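Chain lettering (A, B and C) follows the sequence in which the chains are written, and residue indices restart at 1 in each chain.
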Amino acid sequence: MNNLNKLHLSGYGRDFLRTWDKSADHLKATLAVAQTLRDWHRKGISPKVFSSSMAVSIFRDKSTRTKYSYSAAANLLGLEIEDLDEKKSQIAHGETIMETVNMLSFLTRTIGIRDDIFLGLGHSYMTEVALAADWGYANGVLDQRPSVINLQCDEDHPTQSLSDLLHLSNYFGGLDKLRGKNLTMSWAYSPSYGKPLSVPQGIIALLPRFGINVTLSYPKGYNLIPEIESLATREAKKDGSTFRITHDMREAFIDADIVYPKSWASYAVMSRRTELLKKNYVKGLEHLEGEALAQNAKHKDWTCTEKLMKQTRNGNALYMHCLPADISGVSCKEGEVDAKVFEKYKKQTYTQAGYKPYIIAAMILLTQFGEKTPKILRSIGQRNQSVFNF
Amino acid sequence: MNNLNKLHLSGYGRDFLRTWDKSADHLKATLAVAQTLRDWHRKGISPKVFSSSMAVSIFRDKSTRTKYSYSAAANLLGLEIEDLDEKKSQIAHGETIMETVNMLSFLTRTIGIRDDIFLGLGHSYMTEVALAADWGYANGVLDQRPSVINLQCDEDHPTQSLSDLLHLSNYFGGLDKLRGKNLTMSWAYSPSYGKPLSVPQGIIALLPRFGINVTLSYPKGYNLIPEIESLATREAKKDGSTFRITHDMREAFIDADIVYPKSWASYAVMSRRTELLKKNYVKGLEHLEGEALAQNAKHKDWTCTEKLMKQTRNGNALYMHCLPADISGVSCKEGEVDAKVFEKYKKQTYTQAGYKPYIIAAMILLTQFGEKTPKILRSIGQRNQSVFNF
Amino acid sequence: MNNLNKLHLSGYGRDFLRTWDKSADHLKATLAVAQTLRDWHRKGISPKVFSSSMAVSIFRDKSTRTKYSYSAAANLLGLEIEDLDEKKSQIAHGETIMETVNMLSFLTRTIGIRDDIFLGLGHSYMTEVALAADWGYANGVLDQRPSVINLQCDEDHPTQSLSDLLHLSNYFGGLDKLRGKNLTMSWAYSPSYGKPLSVPQGIIALLPRFGINVTLSYPKGYNLIPEIESLATREAKKDGSTFRITHDMREAFIDADIVYPKSWASYAVMSRRTELLKKNYVKGLEHLEGEALAQNAKHKDWTCTEKLMKQTRNGNALYMHCLPADISGVSCKEGEVDAKVFEKYKKQTYTQAGYKPYIIAAMILLTQFGEKTPKILRSIGQRNQSVFNF
């Protein structure tokens, strides 16, 4: 909280789409606000800042934890969820994004969106939503400008990567303690489905900016969006940390302080998926899903075993996962991680996930109130309102 | 607000099903309350009148903006939405309306319903819901009588037509400025689906009561429910305005101050749809949808072009639409309106849609509190509670 | 309210899964708190005890009235519903219960679950959810332990049976007036689907504990879970009431003070259903549903007629049903009850259903606050907050 005042918060912006659009100060502010909300919840203090208003959600892909986290964040601040079910709406009848966004924003403070399946589409959709909200606000159609919050797109998953960073900060004793730590973001085998690239992309783009040396490891063909790999290189160079790519999971684990083994679909599959979508070729999309899984199955040896974990720093690296993990012998026959490794770090991965509601709430506060946020938080802290109402 | 006191509000009734069941004073009160809530929202004043209680919604047809508007209205007043998903309920197992309504009303203040597809069914369903609520309240099953709010039926779409009227009132500088204005409600071509008749019916039944001369224009066979066309004639005569029907879109636009070009299914198609439903003939219903579109396709020249707009009063009539519009070259190849016309009036049609949450909230307040509404609003205005909670 | 203080409330527990896990004092406390909340609602007093936080719901079977009741209870106390749609979640991708529960509990006070279709699975699922919540709370993943509330499992339906008991208590003038009354829980014919056993099981396990003599009547083969029939016998013996089983509906109605005629699937069908599920044999499950209905159809004479009702005490027994009932000539051709009988008692069955929101709210309060509940209720009663906010 105290360090919030020292941060340069002007120009925070009205949306949170990608971490790389934000300054280091803005990211630190997001973490500081989230931590404050987290501490308050432990003490039973309510940060309700709205007495009414809506929080719209648009989920174009499945979600449990992010959906819950967004609902919980809205509730924490006093907003009411309205989930847009595009199948039950008239969007099927050709409604434009400009129109949908304005129609859903009359009394709305935030629009949270997940659109992560197709490369080149998710972020551009969110940008279009933001522009539509700009237009509505500038033209007096809307009384307030709702914040667009990225709940996972094709490029970034900022509510995840910032939860991860806050978890690391608390685990190692502060943001400054992360400098020089080695983190390995590795591909791992999964039999479940062709997963998005946004989690590893979010990690490699964000963590080098906080002094963490990042190793990205994957089988050939499983590269991420090339521009984001380049971005990671640039950010590391700027910050004095390192970013490197390897194709050997075993080697990548050596001396790691933190490991993040996780599956994603091959880049070739992801690229073709978008082409098929543009052609509206449903059968092709189903076929491609099968191909993605067959492709993955060639790399079943890319899995986080106890043996691999022993190669990490003191055999004791922190294991991370955005969840749900494909746990060998538990949620599938062969998956991303051995049951024993997962079990040992279960408390840690669950705690990691627990930051997300507060990260989202922090994003809403900062995008809605910008520089005024520290003052508002002080006022909330002083009023000391209980989550109980008796 | 001030003029609310001059209106005769007794007998407002417990439901809002059709504008023609309401006196002119009751309609003016709905507009005045809605405008007050709208002004308050601009100033950040919260009209929350309930500290808890439920707002039930039953959508038997797709909805984006009305669904959002109903949720936003509920939130504005402090009610919580419970959406009845009839597919996930036991209604499939033969539950009666009497029972469903009572089961959903124990802590409920309002039941919003959309049931607009089948002629002769929507309004009668809502009436049955209202009678069931009467029975439950009279027999002590319910502690309060929830208001039934029509969110579009087969006959009327009052939350739309009253939003439209409030928009016109603000656009032209007051309800009294509407007297003598010419409005053309015209059929227009749409490739999307066989749309309900309730929007044009709502317009022709309501606007002549406020001094507006209404021209209804459609290709032969696209008439509305005959009783409602007769009602429009009677209402116009009573009020000193005019109502006429023409089958020439071009002629209908001449000297219009306001145009409302919009698609609907042909009356014959609509009538047969209901017969097929009664026989539960699903294939027939699908076939009929195709027939409706083929029928529409014969009238592609019924579309709102820039050329047509030039024929209106000073070439500058206000274009209206309930949205979403089928915009030629944008949301479809050929549709209800040219892209340039739509774009010119986008701010206006979006603003028009923005009144709906406030119209619905006004209906809830007036059906729940009747004559006491002005006093309650004064008390809310005086307390001056912010939408912010800090 | 006053008698709450005399009850021994320690050890109420963090969940409400089955009435037979609770002491008589705990059950009486649930009824007393529910009655207080019901009285307050009549007077317009709000018992909102939470200023924010979530109430998660997981419905693995259809529900209207229990779903609404859970939502209304949450709203009454100030909690916000988050419904888990397992089809839209990542649970399909093999997520463990341990993980799902923790992911949905960060800001959650209660998890309500319906899982009633498969014998041997519903209660064990809820137990696993409770253990997962225990683990999360003990390990600091969760700041609070959410209460697990059984909204119908394979064994018990406690929100139903306690609503039924509270209804009986009010109908006959107090819990003590129920001692010595004869209640007949009878199987009845239904054409709709193979219904769960939990309602009759809940009734026979609960009511003998309050001095009611229970007769369970069903056609051979329609027995309930044997352990629960034995439990009913033991509880009756302990309390000095009686429990007996008969296979003659006519005889079972003689001298009954209360009758509860209701359909359920045969035990053999229910047992095979679980086996088929374990084999994931979908076609077999559909086939079995047909078999269940064919089996039922052999016993169409098991129906509650006016003639049968005449055999009850003074021809005037109280008719009960958990709703929706299959009413002959109304919701089906031949069903559980004659239309005239149902109509005569409609007000009573609807009133019976109306206790459920308050029973659920009472369970949430007592599982969250235990022994402190009476003090909290006194404080709420004193503050006397209106449901209106003006």
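For the reader, a short list of remarks on this structure follows.
As a working rule, a residue touches a chain if its C-beta (ideal position, glycine included) is under 8 Å from a C-beta of that chain, and two chains touch if they have at least 3 such contacts.
Being a predicted model, the structure only gives us computed values, none of them experimental.
One copy, chain B, sits rotated relative to the other, chain C; on C-alpha atoms the angle is 120 degrees to the nearest 5. Homomeric contact chain A/chain B: same residue numbering on both sides for under half of the interface positions. Averaged C-alpha coordinates give centres for chain A and chain B that are 40 Å from one another. Counting partner chains per residue, chain B shows two or more touched chains at residues 48, 78, 80. Of all the residues in chain B, the ones that touch chain C in their complex are 48-54, 56, 78, 80, 82, 84, 88-96, 98-100, 102-104, 106-108, 136, 139-143, 376, 379-380, 383.
By the touch rule above, chain B contacts chain A in their complex via residues 41-42, 46, 48, 59, 62-65, 67-69, 71-72, 75-76, 78, 80-81, 192-193, 323-324, 326-327, 330-332, 346-347, 350-351, 353-354, 357, 385-390.
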